[in-house]
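So, here's a batch of structures to check.
Here chain A shows up in two complexes: once beside chain B, once beside chain C.
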Partner chain A sequence: MTLDFSVILDNWQLFASGLWMTLVVALLSIAAGFLLAIPVAIMALSHRRWLRTIAGAYVEWFRNIPFIVVLYIFFYGLPFMGLRLPEPVVGGIALAFYASTYFSEVIRGAVLAVPKGQLEAARAVGMSYFMGMREVVAPQTLRLLLPPSTNTAISMIKETSVLSTITVAEITYQGLVVQGATFAPFEVFLTTAALYWLITSAFAHGMHRVERAAGAAQGSQQARHSLADKYLQLGMRRSK
Partner chain B sequence: MPNPDASPAAPIISVAGVNKWYGAFQVLTDVSLSVARGEKVVICGPSGSGKSTLIRCLNQLEQHQEGSIVVDGIELGQSENAAQAVRREVGMVFQHFNLFPHLDLVQNCILAPMSVRGMSRRAAEALAVGLLERVRLGEHAHKYPSQLSGGQQQRAAIARALCMEPRVMLFDEPTSALDPEMVGEVLDTMRGLAAEGMTMMIVTHEMGFARQVADRVVFMDRGQIVEQAPPAAFFGAPVHERTRRFLSQILH
Partner chain C sequence: MDFDLAAFGDAFPRLLPAALTNLTIALVAMTLALIGGTVLTVLRTTGIGLLTGAIGVLISFIRGTPILVQIFLFYYGLPALGLDLTPIQAGVLAIALNSSIFITEIMRGGLSGMDPGPVEAAIALGVRARTIWTRVILPQLYIRILPPLVNELTTIVKGTALLSVITVVEVLRTAQQIANTTFRPLEALLAAAIVLFALNLAISQLGRRIETRFAARRG
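Take a look at the complex of A and B:
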C-alpha cells in the first residue's frame, strides 16, 4: 500500500478552514469555560452549604455524562427553548459549560492547596474574606493552577472534534468531507491527527513558557520549595 | 475605629462566661477573663487545653457559642462587621508566621494598611520601613519570606501586625516553631514591645519570658481557666494541683 498525500494538497483549503474553526471554537470555549468556572469554584468553596450543594450538583451532572450527550442536549434543547443559534456557537456553548466543571475542580484544588493560615493571616489584619481571597490566596494559586489547567484545556481542544457530529466544519468534519470525496482514509486521518497534534503541542509549549514566566515573577522556584520544606519540617517537629 | 465610649479605665478585653464546642466536644468551658490596657498576660497550659481557641476567639478567627467577648468596647459574635472592626485594632502573631510568600516584607506590611485603612502607598511604606527597622530587618525589607530565617520571618510577622497600629497584640506560641538559637531574637522583640506599653496576650511555654514580662499568668486545662496570678505567685506558690503538675513537667 502506498500513501498518496496529493489528495491532501488538492484539498488544503478545507483543512485550513477546519483548522481555523477548531482554533476559534476551542480558544473561545476554553476561555469562557474558565471564566464560568470561577464562580462555580467560589460557590464550591463557600461555607454556605446550599451554595456548595448547587456547585457540587452542577459539577457532578456534567462530569458524569459524555460530552457528546451534553452536546446533543444543547443542540436539540436550545431550539426547543426557542433559541436558534449557528452550530459552532451551540457547540462552543456546550463545550464551555462542559469545560467549566473541569476547570472549577482545578481552581478549587489550587485554592485548597494554599495553607489555611494564609487566609487567616489576611483576616487577622482586618481584611475581608473576599479581599483576602483576592490579594493573598488567588495570587498563590496561579502557579498551582497552570499545569492542571493546561491538561484540561488540551482535553477540551480534543473534545472539539465531537462538534463534527452537529456539522460544525472543524478539522474532523473536514476530514470526513475529504475522505468521502477521495476515499483516502489513511492520508486524510493521518493529516487530521497531525493538525490536532500541531494545535495541542503548540498550546502546551506556550503554556510551559507562561508557567516559567509566572514562576520567575513570583520569586523563583526556590521560594516555593523552601516554603514547602518549612511546612513539612514544622509538621514533623510539632508531632514529636 | 477606637470606641469613644470605652473609658481608659475599662478593661480593653473582657471575656465573660464563654463556652465553645466543636461538635459534641467542649473546647472552652465558662471562661472569664479581663485584660486591662497595657497589661501583659501569658497563657499557658497543656496541649489541647484550648489556649489557641481562646485567643482566636478574641479576634473571631473562631466563633464562640455562649457568653460575651468585648474588645475595645466592641461586642463580638454579633456580626462579621464587629469582628472586622476588632481585627483592625488587634494584631495577631502565629506560630507558623503565615507571612504572604508572594510578597516581599514591605509588601507584606503595607497590604492591610492600604487595603483596610485606605492609607496611601507612601505613608504605608514609610510606616512599614520604620517598623521593619525597629524589628532589625531594615536591610531585608525587599526580600521575600522564603529568603529569611525563621526568627527573621517571625519578626517580620510582628512588624506586619504592628503596621495596623493595633491596641492589642495576640501571640499564639510565637517561638515554638523556631530553632532554639532563634527564640531569643523574637522574645527580645516582644520585650521591646512590652516595654513600650503594648497590651499583649501571649500563649507560650517560655516560662522565663513569662516571669520577666507578664503582669499575670493564666493557666488553662481542659478548656477551663484553672488559675491566674502574677508570675511571682504563680510560679512561687501555685494553688491548684493541676498547675503544680504542669509546672513541674515544664520546668523539669
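Take a look at the complex of A and C:
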C-alpha cells in the first residue's frame, strides 16, 4: 500500500473551507467562553456559600461529562426550548459553555494566587471589594492567567472537531467527506490532523510570545547534581 | 413539548449496563497508557538524540491534534494499511496512545519536582540504571503523580464516549439507540450525561480516598 496524497490536493478547497470554519468557531466560542467564565469565577470566589455552591455545581457538572454529550444536549435541547439555530451556532454555544467551566477554574486559580494582603490593603485604604478586585487584584492576575488560558484554549480548539458529529462543516467533517469520496482514509486523516497541528502550534507559539512580552513568571529551577539531573530532566531542554 | 419523565427514567436500566463498557474500555486503555507512558519516560532519559527527537515530535503531534481525529486515524486509517481492527480495538488503541503521551508528560512534571537525593545516593552506590528506575524513581513517582493520574482516567472516560462515533455501543450510543425508538433524544441524552457524570465522580472520589491514604508516603 502506498500513500497517495494527490487526493488531498484534489480536494484542497474542502480542507480550506473546513479550516476557516474551525478557526471562526474556535475563536468565537473561546472568546465567549472566557467572558462567560468571569461571572462564574466571581461566584466561585464569593464569600457567600450559596453562590459558591451554584458555581461549583455548574463547573463540576460540565467538567465531568464528555463534550460530545454536552453538544448533543444543546443540539436537541435548544429546539426543545423553541430555539432553532444553525448547527455552527449551536456548536459554538455548546463549546462556549463547556469552555467557560475550564476558564473559570483558571481565573479562580489566578485570583487565589494573588496574595490576600493585596486585597486587604486595598480595602484598608478605603476601596470597595469590587474596586479592590478590579484595580489591585485583576491586573496582577493577568500574567498568571496567560499560560493556563493558552492550554485551555488549545483544548477547546481540539474539541471543535467534535462539532463534525452535528454536521458543522469544519476540518474533521470535511475530512470525513473527502474520505467517503476517495477511500484514502490514512492520507485524509493525517492531513486533517496536520491542519489541527498547524493551528494549535501556531496558537501556542503566538501565545508564548505574548507571555514573554507580558513578563510571565520565570520559575527558577533548583540546582541539581548533573547525574541526578540526567534522570530527572529526561534529557529535555530545561525550561528557563 | 414537555419533558417526558417516564422516558427519562426508563433510559437508566439500559444505560447503566452500557456504562460498564465505558469503564472496561477506560481501564484497559489506562493500563496500556501507564505502560506506554512509563516506557516513553524511560526512553526519553536515554539521551539518544534521534530517539528523544522522535518522541518529542510524537508528543507534539498527539497533544496538538484532537483525539477524535486520532480515533479516525486508527479506525479508518489502519485497515487501509492492512491492519484490521474492530471498532473497540481501534478505539482502545487510539485512546491508549493519546493517554500515554499525556501520562509521560505528567511523569516528566513529577520527575522534575522530585528530590534528587535518593537518585544521587543510588548512583553513588553504583546501583544499575534499571534498578534505579524500578526501585528508586518509579515507586516514588507513581505515588507523587497519583492525583493527575486519576484526573487522566476521568479524561479517558470522557474519551470513551467519542467511540460512539465509530459504532462502539457504549453509554452515548445506547442513548442514541433509545432515542431512535422513543423519539425522546433529550431525555435519553440527559440520562446518559448523568450516568457518565456519576462514573467520573465515583472515580475522582475513589482517587481522593487513595490519595489521602498515600499522603503520608508522598515525597
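In the analysis below, the second predicted complex is superposed on the first by the 215 of 240 C-alpha atoms of A that agree within 3 Å, B and C clash if a C-alpha of one lies under 4 Å from a C-alpha of the other, contacts with A are read in each partner's own complex, and residues count from 1 in each chain.
The criterion applied here is as follows: a residue touches a chain if its C-beta (ideal position, glycine included) is under 8 Å from a C-beta of that chain, and two chains touch if they have at least 3 such contacts.
This is a predicted model, so every value here is computed, not measured.
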item	value
Which superposed partner A:Ile65 touches (first chain B, second chain C, both, neither)	second
Touching partner for A:Thr2 - first (chain B), second (chain C), both, neither	neither
Touching partner for A:Gly126 - first (chain B), second (chain C), both, neither	first
First, second, both or neither for A:Gln13, with chain B first and chain C second	neither
First (chain B), second (chain C), both or neither touched by A:Pro139	first
Most chain A residues touched (candidates chain B, chain C)	C
Chain B versus chain C as contact partner of A:Tyr76, first or second or both or neither	second
Chain B and chain C footprints on chain A, overlapping residues	224, 227, 230-231, 234
Contact footprint of chain C on chain A as seen in their complex	1, 60-61, 64-70, 72-73, 76-77, 80, 154, 158-162, 164-165, 172, 175-176, 179, 183-186, 188-190, 192-193, 196-197, 200-201, 204, 221, 224-225, 227-236
List of chain B residues in touch with chain A within their complex	59, 61, 80, 84, 87-88, 91-92, 94, 96, 98-102, 111-112, 115-117, 144-147, 150, 157, 160-161, 163-164, 177
Residues on chain A engaged by chain B in the complex (per definition of touch)	115, 117-118, 120-128, 131, 135-136, 139-140, 218-219, 222-224, 226-227, 230-231, 234, 237-238
Interfacial residue positions of chain C with respect to chain A in the complex	1, 41, 44-47, 52, 56, 60-61, 63-70, 72-73, 76-82, 108, 111-112, 114, 116, 119-120, 123, 132, 137, 154, 157-162, 164-165, 172, 185-186, 189-190, 192-193, 196-197, 200-201, 204
